[in-house]
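The first chain written gets the first letter, and so on, giving A, B, C and D; residue counts start at 1 in each chain.
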Amino acid sequence: MHSILLTGFEPFGGEQTNPSWLAAQQLDGYQLDDEVQIVSRQLSCEFEQSQQQLKTAIAELNPVLVLAIGQAGGRTELCFEKVAINFIDARIADNAGQQPIDKTVVTEGPAAYFTTLPIKAMVNSLKQAGIPAAVSYTAGTYVCNTVFYALMHQLRDTPKVRAGFLHIPYAPEQAIGKSVASMPVDMVVRALKLCLPVALQSSEDMQIAAGTLD
Amino acid sequence: MHSILLTGFEPFGGEQTNPSWLAAQQLDGYQLDDEVQIVSRQLSCEFEQSQQQLKTAIAELNPVLVLAIGQAGGRTELCFEKVAINFIDARIADNAGQQPIDKTVVTEGPAAYFTTLPIKAMVNSLKQAGIPAAVSYTAGTYVCNTVFYALMHQLRDTPKVRAGFLHIPYAPEQAIGKSVASMPVDMVVRALKLCLPVALQSSEDMQIAAGTLD
Amino acid sequence: MHSILLTGFEPFGGEQTNPSWLAAQQLDGYQLDDEVQIVSRQLSCEFEQSQQQLKTAIAELNPVLVLAIGQAGGRTELCFEKVAINFIDARIADNAGQQPIDKTVVTEGPAAYFTTLPIKAMVNSLKQAGIPAAVSYTAGTYVCNTVFYALMHQLRDTPKVRAGFLHIPYAPEQAIGKSVASMPVDMVVRALKLCLPVALQSSEDMQIAAGTLD
Amino acid sequence: MHSILLTGFEPFGGEQTNPSWLAAQQLDGYQLDDEVQIVSRQLSCEFEQSQQQLKTAIAELNPVLVLAIGQAGGRTELCFEKVAINFIDARIADNAGQQPIDKTVVTEGPAAYFTTLPIKAMVNSLKQAGIPAAVSYTAGTYVCNTVFYALMHQLRDTPKVRAGFLHIPYAPEQAIGKSVASMPVDMVVRALKLCLPVALQSSEDMQIAAGTLD
């Protein structure tokens, strides 16, 4: 049995829950088919600890694919991130009280890594199913981008293990009183069941426009 | 058996569906308890026809409560409208091809009517249940506001029949490619099952702040 | 010499300035022509006091036209308000510490008043000059709407004295760190010099679409 | 006399003007001091041509600093871009009719370059002056990002020649009818006069938080 590693984060920024973990947790043990099952792990919202947890999980599971998920309050759709940058700039302290500013994720690492997931094909499969999704070109400069960069760096010599990052909107209960968009966790779970098989089966990504003007 | 009249609109503005009718339709025949059941009717997205349909339905059903529902693309939460204004200004033509500009809904009618629903209590019940909801102070100047105003005007002499208007976000499949918020129709249905009993049972509205600065 | 009364507010909500007064102040004494000049007055951001100040200024000046201006943080353009509602619901306390909830502005007053300014013609003149402007259908439920409603109520028996309310965006220095739109005070001043003559000269408003769908 | 090269773009996407060139044009020949003057050049909104024009201008002027400017409709503030990515994905065709999808800017180039301008110090100088500004972490995937990446690639061996990219909001006349933020070109010009000397004089960037969570 092969594993897909799915990670979600613990709550941060004063929130009581984190929909990224609520969604990943529901899929822990889910079998895509006879050969592949999902293993879900929660990451700390800490710059240092999260990278170690990711490394440990990858070493232990030897996954065929890794998708890290994070909450992006204010986004309106599922956002598959294209690029992880070697840059940390924390607007608020992480859950360990650290607030690094103007740092690299990996000293001497390249400026950026692109995801190795076929994210256009994944986005397309979700749109076909009526679920709002898009490609995003910034994962921010906080723990999400750090985990994404660390993930791509850890797997830089094993390109066959596809990896990437998904930003998801607030859960509805988090959006109350904020006047921002939200998406039920059940819809995120349904989306993951749809797009992960697409990720496994697409040998090349689709050639369709998914860009932004600025 | 008493009736609650629930109305939703047909699609307009180039959309294939209208979540207001999809939600209302699911609740047609739903019984709140032994004495009250919902009757749902679809309204045309036409300035003239919709008012007649509403009048016919009210005459036929003699409802104890009326809630008209409409789609408000771009909104992030369920919006209970406070005020209907005696003003029509159509940015696009209605489904009958009419585009009235700077007209009244009812000649010699008052400038506005307030809803008679306990909308703060309804909003509060939804927030408690984790569903984003708020009071809104403009229903626009298109068919939604016209139906809302016509509804309050038709019931102006029977204040015991509470009535109001609910604006709902796009359904997720409508939001694809638009980068705007959405809410699944199932969540709207769940919200209606929660807040309609509150509307029936609240003799007075709650005294909690729900205003906007501008 | 006839007077146009222009009012702006003092700062509120933790802001250091209020662009509505900064703009009005610059136009105090400005002559539109040989017969009409602007007189500007600052209003307190207090529900009670502001209404008295407005009444006193109108009694003293006997103006031919009144435009009250207020800051609407987050708006992207100059918004000429269509309708004032007889409703107060304060999300935050006013500058006198009062936070009325679910109150009327005028007991037994009508639900709403429409502006008597030719706001479509005014908006049109600004757009022609390259200045973003629009008609708005809610002035909120705070001090701005209260002043607007009180203004229309005070002048209800003198329809020849046209009156209305203009909401303006943050000044640029207020928008710093908020990621919201702003408009320089100089542009607001230029806009007022353009649209106030239009207001005086238009016997009827323009018949052009300026509505919103929801 | 040393040169600062300032570039702006021709109009695109159906617009009649491009505020990036309107601002740059006003500063052509402007002397920061006795030793440094600005030279402004217009770039075509074409993927191929713009890179050539940039190369030609740099070869001709041998500038001490290069700032490319582009219009970012919908942004609310001046956005100094942190990172240029080696990726092109055109949502609309460029002005030469080309719409490349999923291409690199430079074959075998690194995934990304960071700006070499002290952008935090530049942002800080503008905020101090009351002008909304921020660091941005995506320049999109259209001609702006392409020019930015090409610029950093062309100067990769001459790090003393600092270079970067500035995205600016719509001019007010472009925002009419769009309900989006805008900024007068004069304010952009004033901002450039303030932040370009800061860029020349700062040997290191400021260590202040300017990150985004997602």
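Here is the rule we go by: a contact is a pair of C-beta atoms (placed from the backbone, for glycine too) under 8 Å apart; a residue touches a chain by one contact, two chains touch by 3 or more.
The chain list, named the UniProt way, goes like this: A, B, C, D = Pyrrolidone-carboxylate peptidase.
Treat the numbers as computed from the prediction; the structure is a model and nothing was measured.
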item	value
Chain C and chain D: spacing of chain centres that average the CA atoms, whole Å	38
Distance between the centres, which are taken as Cα means, of chain C and chain B, whole angstrom	30
Distance from chain C to chain A - Cα centre to Cα centre, in angstrom	47
Overlap residues in chain B, where contacts from two or more other chains coincide	none
Touch-based graph of the chains, sorted into line, ring, star, complete or other	ring
Set of all touching chain pairs, with the criterion as stated earlier	A-B, A-D, B-C, C-D
Of all residues in chain D, those that touch chain C in their complex	76-77, 127, 130-134, 172-173, 175-177, 179-184, 187
Contact set on chain B toward chain C in their complex	13, 70-75, 82-83, 85, 87-92, 99, 101-102, 110-114, 120, 135, 137-142, 144, 167, 205, 207-214
